[in-house]
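A single structure is presented below for examination.
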Amino acid sequence: MQALVSIIMGSTSDLPVMEAAAKFLNDMEVPFEINALSAHRTPEKVEEFAKAAHGRGIRVIIAAAGMAAHLPGVIAAMTSVPVIGVPVKASLEGLDSLLAIVQMPPGIPVATVGINASMNSAILATEILAASDSALYQKLIKFKEDLKIKIVKANEELAQVKYDFKVG
Amino acid sequence: MQALVSIIMGSTSDLPVMEAAAKFLNDMEVPFEINALSAHRTPEKVEEFAKAAHGRGIRVIIAAAGMAAHLPGVIAAMTSVPVIGVPVKASLEGLDSLLAIVQMPPGIPVATVGINASMNSAILATEILAASDSALYQKLIKFKEDLKIKIVKANEELAQVKYDFKVG
Amino acid sequence: MQALVSIIMGSTSDLPVMEAAAKFLNDMEVPFEINALSAHRTPEKVEEFAKAAHGRGIRVIIAAAGMAAHLPGVIAAMTSVPVIGVPVKASLEGLDSLLAIVQMPPGIPVATVGINASMNSAILATEILAASDSALYQKLIKFKEDLKIKIVKANEELAQVKYDFKVG
Amino acid sequence: MQALVSIIMGSTSDLPVMEAAAKFLNDMEVPFEINALSAHRTPEKVEEFAKAAHGRGIRVIIAAAGMAAHLPGVIAAMTSVPVIGVPVKASLEGLDSLLAIVQMPPGIPVATVGINASMNSAILATEILAASDSALYQKLIKFKEDLKIKIVKANEELAQVKYDFKVG
Amino acid sequence: MQALVSIIMGSTSDLPVMEAAAKFLNDMEVPFEINALSAHRTPEKVEEFAKAAHGRGIRVIIAAAGMAAHLPGVIAAMTSVPVIGVPVKASLEGLDSLLAIVQMPPGIPVATVGINASMNSAILATEILAASDSALYQKLIKFKEDLKIKIVKANEELAQVKYDFKVG
Amino acid sequence: MQALVSIIMGSTSDLPVMEAAAKFLNDMEVPFEINALSAHRTPEKVEEFAKAAHGRGIRVIIAAAGMAAHLPGVIAAMTSVPVIGVPVKASLEGLDSLLAIVQMPPGIPVATVGINASMNSAILATEILAASDSALYQKLIKFKEDLKIKIVKANEELAQVKYDFKVG
Amino acid sequence: MQALVSIIMGSTSDLPVMEAAAKFLNDMEVPFEINALSAHRTPEKVEEFAKAAHGRGIRVIIAAAGMAAHLPGVIAAMTSVPVIGVPVKASLEGLDSLLAIVQMPPGIPVATVGINASMNSAILATEILAASDSALYQKLIKFKEDLKIKIVKANEELAQVKYDFKVG
Amino acid sequence: MQALVSIIMGSTSDLPVMEAAAKFLNDMEVPFEINALSAHRTPEKVEEFAKAAHGRGIRVIIAAAGMAAHLPGVIAAMTSVPVIGVPVKASLEGLDSLLAIVQMPPGIPVATVGINASMNSAILATEILAASDSALYQKLIKFKEDLKIKIVKANEELAQVKYDFKVG
């Protein structure tokens, strides 16, 4: 099935971080692909990828990178497919990659999520696809409802915990 | 015409920052609306807005806020329409609003752009709409081409400047 | 017994941090309750909680959250019961949650304590209650006296340590 | 009339920042006093003040200071009256005073508000008093309602602005 | 005369910062060229430039950029000519551009100088050329000697100043 | 009269910052000298200065520098006369010079004062001299008393201000 | 023997950090004492200590504290004996305690050393005493010479290491 | 064989970080030497080294140091051989050493690489030598080609991984 979302990592060492994104897309039955491409070490591959993405049917790109994280911005410069950037924590608590991804110059935005926020990048990608796919929108609504139920249940379990205290 | 993009500001004092977003959407002929709603001062209005957005036809929300900027996250918690967050610089060079917008917990992403990056929020919104609208995608391509031409021309003017120097 | 203090956590994973708050309130015999409510995942529950709190007799709310920590501010926006915010360290050494809690806009204050400063949130809650309850005020005075005695005693023990050195 | 709130500044140069706090308390008809006392330059005055505060009827202390801002913590160490700390921006964008106020050790909390957040310190003080004064609680509710009306009105004015654009 | 050093700016708005570099190279009679090329807006031009640089006789590249400053790293990825990066201050006091330039991944170094340190980039470029050009090395030595003389002279003038004081 | 304190600046541009130090020493009648010596541009002068200081009767050195501020540490490495470091704000709000001065490796301390804290460097120098000079110690005590009187008086003036408010 | 240096810690938990200071003073045969006194939990003890220090013969005070580290500044406010501040790393990598110690207001300096820089605080204390004690000054010179010899020897051992490589 | 690159560390404890630099130079058959010299503990050795380097045939210096890292700047002040600075992470996540190395004053640049970026310092040194040695330039090109092949191969292995998911 044709991938709609393409996950790109700056290095295969980012795979443990990005697995949650793959898992979420899989759970939502959104067709996707995963590749490792370095903005610095394989620039031609990145260019080739970015320029062909829209034509191949890719509708959202998730790009993860650490340190001076150029990958998301470099891809965004060569396509008009929306690019979601995931700052990977590799040094300085991830602050370097966050700033290197989010502070893009006028003209070339990257939709940045939190440090190591792999699952959130996949949810955002799904929201973007769901903007023109109401079945997918309903799935997302259901996912958020399930999250709520989990929280409410956790709270009920917490209610038990508190009776260990004398008062309250 | 039905707005597809909704720009929300935490305060009308953010209007000067957000004008570039409105201008870009206008130039691209993307129907949009602008409102000021405070996550903290008018929470019910925010809830009402967020819950009705999808039904009213809004496909992307741009939310701008400063300081402990909760507006984008609070809206994202109540809709599955993609939310773009614009950190507005009001204190600490904008670092507080950047972190308060981008570091969302698992389950509720906000697509964060740079500090005061108003135009980029509008470009990103257009890219999201263009994921299922090829005419709009072509407009974006044209916009990026025009940007390039502007840069190339600026460089040519720069070429004149350098002859003031003896060598080079 | 009717709770006067309500401890709210963004996630049950914050429980280990917040146990010291529960323990302190318990020791001071201040009636309290603990719940997990997410500003982002269960916004309606949070709204319901915040709006009912004063009517139910809650006089102080302690709200703990990490990352883009909106919970304390979101609650403060919907009640005039004083809200104490506890930034939980989950990323960036806790700086993100500190700024997302403390830098509230004019009109909606959150009484912020230090990163992971769970016990201090409970002491502050007790001080607030003690502003109109002199018996409780005396208990607090006694608590601080006991702290002093502990420090003075520790110092006396330290006095032994130093004789391992030749001089002094 | 006996002051219930005492505003203390580290230096008279903090007065322009703290005027908004005085104004708010005045508007709410909360009896208050203002003094300048330096933790470092007049430590005995600070001690005398802190130890006498509760006996004089002070129920909340607002302490503002900049740089290595010790004043709020030093006062909190000598009373069990709740102390609200206002970090004043004097260097490093106010980050130094924020950290020097909020990161108190276990046992001695300071209820910290945002950098230069003078009005918020007064609202918080009023909320603390209102915890045992329902007339004051009603005044606060009214204040927040008025804020909302102001925001809603500003939004209506914004609605006019947008018709300058072709679309929306 | 064939340029040995190529100064590239991310935007012509960086020209005021980079003039000091041009002036220094001019003073040292090092042949150079200046161009504006954006990593994000004209990526093909950047690639073309980077790949042709060595063949055209360029021996050092100075690349200046602000915010999420990718230009120096993107060029370094496509050539083995040494690349000197100049972080330009445009937001966050220049910390974003510093980190986005200096924190390059293993394999692709950028020789980073201080924020807005335009003259230093040119001195470093000259030192690199001087590694195989002893005449140029002598010029650099002379430049540093002149700097010393200027400092020593300034100190002598300072010696006059101090007699305004009673003692010393 | 033989100088006991030597003020060294990295650049004559630091003079406006360091004047308060000179003024304080002058007021206290502590013999001093002022010089500009750059750790980087006149390293031999710095070495000569540092090695001769103790022999010439210098008992405390005050060294001020900005950015990558090496001057205080470089001097401290070549003498056992106590060196007070003054971080001068030139970029990054002075954080770079603060860290470059205070974070010295084991073996070579620099007594660091606050950013641009020129007067404090002179007070500290005087305290060091006063450790073995009781007349000077008395002068310092008097200086602090005068500071207190000034604060107390400012507070009395503040007492007038507050009567502009209805309550308090 | 009468202590000349007094080491004060905010908490006995700082003892492992401060042992290196005690060891150095011991090695240099400088009479010293160690105590734990909390600025916040035992303020009267701190005041008593600070006011009596000079009269008891203390010539330098070393004060160590973490987080919102007020101890060094609070002591400095009540004596003119030079106070050396040691920021202890307890949260935020120690940045909070560094700023809370070093950024003192005009009039009350604290001689700040690096984060956890216990030994350096003791060397600085010895340098201050040595300003009027030439025998001690000679000991310090010898200590620095021994450090050098150690480094030179370590380098010689390093020379062996490098022959594992083919070239160099 | 005469060393062309000299690696200097502030302390032998930096050796584990700097081994990757030595290994890279060895692999590229670039003659090099390694030494430990402290800017603060052996300043005369550093001066002697810096002044003799060019005459001994050293063409590039790599200087690594942590904390208030003065070594690279101190060497750069005494030679016109290009100096590459490697900030070693020892405290504050390495931010202190990064700023203390990169933020050099006008006149004395240090070519700074990333925190602990040992291999990159060696690649940069090789690029500098290759500016006048085309055989070495070809080796670098080959090294970057090998890096690319490694990345491409890793991506192919990643292609296998993704088939564990249902879709994509």
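Note that the chains take the letters A, B, C, D, E, F, G and H in the order they are written out, and that residue 1 is the start of every chain.
Basically, a contact is a pair of C-beta atoms (placed from the backbone, for glycine too) under 8 Å apart; a residue touches a chain by one contact, two chains touch by 3 or more.
Not measured: the values here are computed from a predicted model.
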**Request:** Look at the interfaces A-C and A-E and say which one is made up of more C-beta pairs in contact.
**Result:** A-E
**Prompt:** How many degrees of rotation map chain C onto its copy chain G on CA atoms, rounded to the nearest 5?
**Reply:** 90
**Message:** Distance between chain C and chain D based on Cα centroids, please, to the nearest Å.
**Reply:** 18
**Asked** Approximately how many whole Å separate the CA-defined centres of chain D and chain G?
**Response** 36
**Request:** Please work out the Cα centroid separation of chain E and chain G, and write it as a whole number of Å.
**Result:** 40
**Request:** Please set out, as single numbers or ranges, the residues of chain A touching at least two other chains.
**Result:** 11, 38, 41, 67-68, 91-93, 95, 102-104, 107-108, 114-115, 144, 147
**Message:** Can you give me every chain pair that touches, using the contact definition above?
**Reply:** A-B, A-C, A-E, A-H, B-C, B-D, B-E, C-D, C-G, D-F, D-G, E-F, E-H, F-G, F-H, G-H
**Partner chain E, residues of chain A touching it in the complex** = 10-11, 38-41, 43, 47, 66-68, 70, 73-74, 76-78, 91-92, 95-96, 99-105, 107-108
**Asked** Can you list the chain H residues touching chain G in their complex?
**Response** 1, 3, 11-12, 15, 22-23, 25-26, 29-38, 41-42, 45, 67-68, 91-93
**Prompt:** Along chain F, where are the residues that touch chain G in the complex?
**Reply:** 54, 59-60, 80-82, 84, 98, 102-104, 106-115, 117, 119-121, 123-124, 127-133, 137, 140-141, 144, 147
**Request:** Show which residues of chain H lie in contact with chain A when the two form their complex.
**Result:** 89, 93-95, 114-116, 144, 147-148, 151-152, 154-155, 157-159, 161-162, 165-168
